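Worksheet: one structure, shown below.
When the chains are written out, they are named A, B, C, D and E in that same order, and each has its own residue count from 1.
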């Protein structure tokens, strides 16, 4: 009997961040089910197991340890938590298991020369921050118009929330806007003073780097203090249905980045899921949720993992079980062009991604969507983050990390393996 | 019938002052320690080590420290998480800022800094008591959480504020494999448990307990409340700090302040209460209960669900885990309010009487 | 100046909300000497019940009226809290008469886990909405006096009024000598209270029930402000310094404590926070409480800690 | 004794603390209506435990009655709550006072009347207690924790009387009281007994006093009843005289003299 | 009435004009008395007379508003508890202030704490000197345990002991301090005659063998009159009598305020 490709699924379906964790997990699992419904990865069936982390690092580590050896070796881990990512970044190289942190995790892990096992595919927080600034400057009518403007960053007081700060500060130096940092303590239900400050300071824009209840709370407080929602821009983790659902009309006009995709109820992959998974009564969550923002992100995350396997099979043998190490190679050599995406049903959902030894990110594109009171609608063109600024920052941070860890940068030969 | 100390006469006070005066106990403990050092590394799986044994050992150590303060000295503390954090961050800074410092020294220095912070935040205990003190220690907790997030120097200016440590080595011995890490932690735990046990059965331990039970009377027989309380804070936060350093270095590898959040403080307090206030042994029981039980439930419940033919969803499992865990806490408390250690002692006493009912 | 007043006002109002949660702690502590760790979980549980029932009842009973739904949901949720109180007494407290504070605290922790798990199992772990028709948009007053005016949040104002009313009611209840005295007696010495015929069981059911209703009110108010979700239980942590500052045994203390903490943390965050990077309000609240304790170890209005041989 | 008038019938009870410590090993005793029965015995004999078993206050001490039965006027009462017992008129004065520390003396006393309605009656009882113990009236506004040991003892006794009981379990009422007050307490007991037909079960170390006022006595030793009989008979029993009344050979021995003959035997410095 | 071979020494403890009040309550008003070396000095008086408060003042638990206390020639405004303990004054408590969670042995061992010399590190390691010291003190404490005849309960948590035995442990703890002056607050409350006889024997033996001065509060007049050398009588804060038992017994004030007619 052929070995199945095992996907561990770290989820949080309870606790403070569950409202956001659940749809993501459902999307992730549904995609894996869809792969099996379509006959597996070139015939290799997929198996998976969920493990509840509760968004807590130590539980996440326990889950990792529990699942990493399953099915001959876990294909790839996607912790969906910056804290867990940090802990696993230390462990994965030893266990030789790749980590996908699509749209989160440490920004400098883009540098595959240092972070061999990390794959912050589809973009990092530095990209996100850069794109937001681009959008804002475009609205204002050019970078020079940002001079003297005030931008407040309301962020989750954790490594996750702090990630964009270096870039925002870098750009502030370049364009002369004033950056106001307003941390919000976990879990984020207490923001009265934060918004009082915003009301006092009247920044021109508020960037929201929240997760879970923090987002909806921020919107409610914005409403309560009369801050215009259309001046608020969330990161892609602050722009999904759970964030605005119970605020309803109060959130109208609020903008957030889309991690390429938004809510895509009409995409082909969603129809596939509805037909082949939900249609057979195997759907993981409620039907209405399929196609929503976080659900889509779950789908994409799972798809990236599966595509890593597929790419690896191209080199190491089609229709064979891939070891995590082989999958790592696959992830490092991803070449998801538009054609492949279309075939997968992701047409219009996301842009092509291709990775390399030096670049584990694969894409720097993003756009903005806006809540109209009922649903998310795209409200901008595509932007690409400015690598001229970000690349040196990545290099510098990665070098620091390497120095601290006494790691050598990978050489060309290593890149081939 | 077998477990009885009849006929074991102690001929000297030295003999009576042993940690385990009963021969059977002594052998059992010795066997346990030997097993922990020799047998376990041979049989345990990677997962056992990394996900269960190592956290169990480290949190036992931390619980031990908390028990000294809370169980022996009676000063309720909800700041243990902060002291762990201080230990971890101080050890980290020692490691990166002092060239060539051995890792063990860094970890112990982490403990020393935790001691200092512990003493500072112990000062209110001279005036404030009981639950009121618990809140004072919460101030320590939240302040430290904040400081490690905000003061960039502590995290060596990493942009995200998360720090990491690797390449553990002990005088040239690279602590690499899970078994080695396990032994490393076990070594710490055994030594500290021994030292702690010595302390609590010496004069200083009696001072702590005296202060806990009746501070006015303690003062009247010449015990200085200030010295007793602050020394308890110092010893406790030293041990907790070391545990914190181990948690960061050995278990997590990379961490952020959230790893030592107030939840951790509560967790440690629960361990010592469930395990048994004022009992070294209780710290181990408590840690086992609080660390291992949820993991066990988490893995056992799906199996049970399969058995009865109702697959339980992940969410269902973790909710059930909460429910069962809560119910078990209550149940154990009703059976024995003084914690698992006391339950154990009562069990032994019954065994001693066995097969007679009383 | 206007801004300062506005911050002050905001602080006062969130202080009232803390007081509401703190009240639950005080009630149970005062009446049984138990520090009820489960208060936060009760707030969450009650709010979840309220939110979901307001959704479900119209479906089950087939009516549309939102007001009716809310009223019914409130009543049923109240009944659920009563059941919780009754079960807690039956299954837990009854068996722990005369045990030490730490043991009881731990037991309430067990209850916390239980309620958290149960609540999410029954009611789900998503974000839910409680809509009791509180106005969300702010009003600006005194625009002529101060530049920019003073922003007042009607929702907060209503909440504060409700909280104040509840507190006044409970203060009266405790002042009404008979019961109040018995409750204090129970807190002092379970056994002695039993020995003179105070029915511990009934008293505990009553007190937990009242605390449950307080939790329900707090849950509804907080829930309608923040949405009902697991993190609602963390408001308990915000209320702790309030309880301590006001004194564990004092109902009015909870109010005054709440106001002081509310104002203190908002002012500190707004005026001191920016200097040190922000995010200081939570530890500031605790430090504030700590400083007060150094001068009054029993909190502002707490009963003096008895210290005698 | 006439079995019809037995209010309290303790029948062969066994009590175990903490699941392992067996303290009472089959204690039986009867308390007839309107009588004063004394329970005597040395430290640790199990007097307090017996009273706790009757008043059902054992649970809080983690003790339980494992054998035997306890009847109040013919009804089994082992499973009643203490509060229910008080409603039926059984009140215990606990050993070691147990006043409500934060309550004032007066509040303590008023709490004692928790089970009673009727403001006026309670008021009258309060006056009565103050009449018995004028010292309490003087200190009425002071928190119980800050009164002297004897004052607390008075408070505890007074508090029990406030419940207007028909059966009182008194555990060492004379402890820590000045001689006059001791006398007074026993007078009060007698008074209530005669005038209001209150029944008393009295655990007391002050054997002398106890036997003088009681009708009947039981002597306990290490969890068993070793002797019982009418009070005056016990009082004249030689062993009782020797061990409980300190009157070897009919004469009260000086405390100073006791020492000389036992001393060498024990102190081996 | 003085035992043969027992000399009363000089004044060792001199209490001068002590006043203490709590709010409105005058617990002690201008009380003076002295205690001579080796004597057994009783303090009696009705409930709430201020006897325990007097001990608390000597002990540093309460701080008198007025007056001074002279111990061995040194005069103090008020004393600090630790200082008092170091000078060799030990006491027992009326309301049992034992360390409930500790065993009998540990409770009595705490009485030796002032004499422990090894520091916290030595204690943690428990090597050589620390262990020897521990054993030395343990030996002393065992002698006390033998003396008080509580061998069987050595390792029992004191909370589980019956009241009377707890009183003995309390005495044991005080004795472990090897005090020069022993302050006893109703040591015989809650005991029957035989047990009181035992207690008296302990007190007298200590007084005899070590010459320990004893200050004794007791309500049992039999005990007081039999074993004390001199008696102070307090009545609601005032001193109404002072002298030998016989003098006091015949003092009409005392009879009226305290003894009543039956004695």
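Definition applied: a contact is a pair of C-beta atoms (placed from the backbone, for glycine too) under 8 Å apart; a residue touches a chain by one contact, two chains touch by 3 or more.
A quick note: this is a predicted structure, and the numbers were derived from the prediction, not measured.
Here the chain-to-chain distance from subunit D to subunit E, counted in touching steps, is 1. Chain closest to the overall centre, judged by the mean of its C-alpha atoms against the mean of all protein C-alpha atoms: B.
With chains reduced to the mean position of their C-alpha atoms, the one farthest from subunit E is A. Among the remaining chains, the Cα-based centre furthest from that of subunit B is the centre of D.
Once the centre of each chain is set as its mean CA position, subunit C and subunit E turn out to be 49 Å apart. Here the CA centre of subunit B is 32 Å from the CA centre of subunit C.
Per-chain Cα centroids separate subunit A from subunit D by 74 Å. Subunit A and subunit E have centres, each the mean of its CA atoms, that are 74 Å apart. For subunit A, the set of residues that touch two or more other chains comprises 13-14, 18, 22, 157, 183. In subunit D, the residues that reach two or more other chains under the touch definition are 146. Among all residues of subunit C, those that touch two or more other chains are 99, 120, 125, 277, 279, 282, 308-309. For subunit A in complex with subunit B, the residues that touch the partner chain are 11, 13-14, 18, 22, 25, 50-52, 54, 56-58, 61-62, 65-66, 69, 82-83, 86-87, 89-91, 106-108, 157-160, 162-163, 165-166, 183, 186, 397, 400, 404-406. Touching subunit C in their complex are the following residues of subunit D: 55, 57, 59-61, 81-87, 91-94, 98-103, 107-108, 110-112, 114-115, 143, 145-146, 159-160, 162-163. Within the complex formed with subunit D, the subunit E residues making contact are 1, 3, 22, 25, 45-49, 51-52, 94-96, 143, 146-147, 149, 160-165, 186, 189-197, 200-201, 204-205, 209, 219-223, 226-227, 258-260, 262-263.
On the subunit B side of its complex with subunit D, the touching residues are 337, 346, 349-350, 353, 358. Within the complex formed with subunit C, the subunit B residues making contact are 76, 124, 127-132, 135-136, 138-139, 142-143, 145-146, 149-150, 214, 216-217, 220, 262, 266, 270, 273-274, 277, 315-316, 318-330, 333-334, 337-338.
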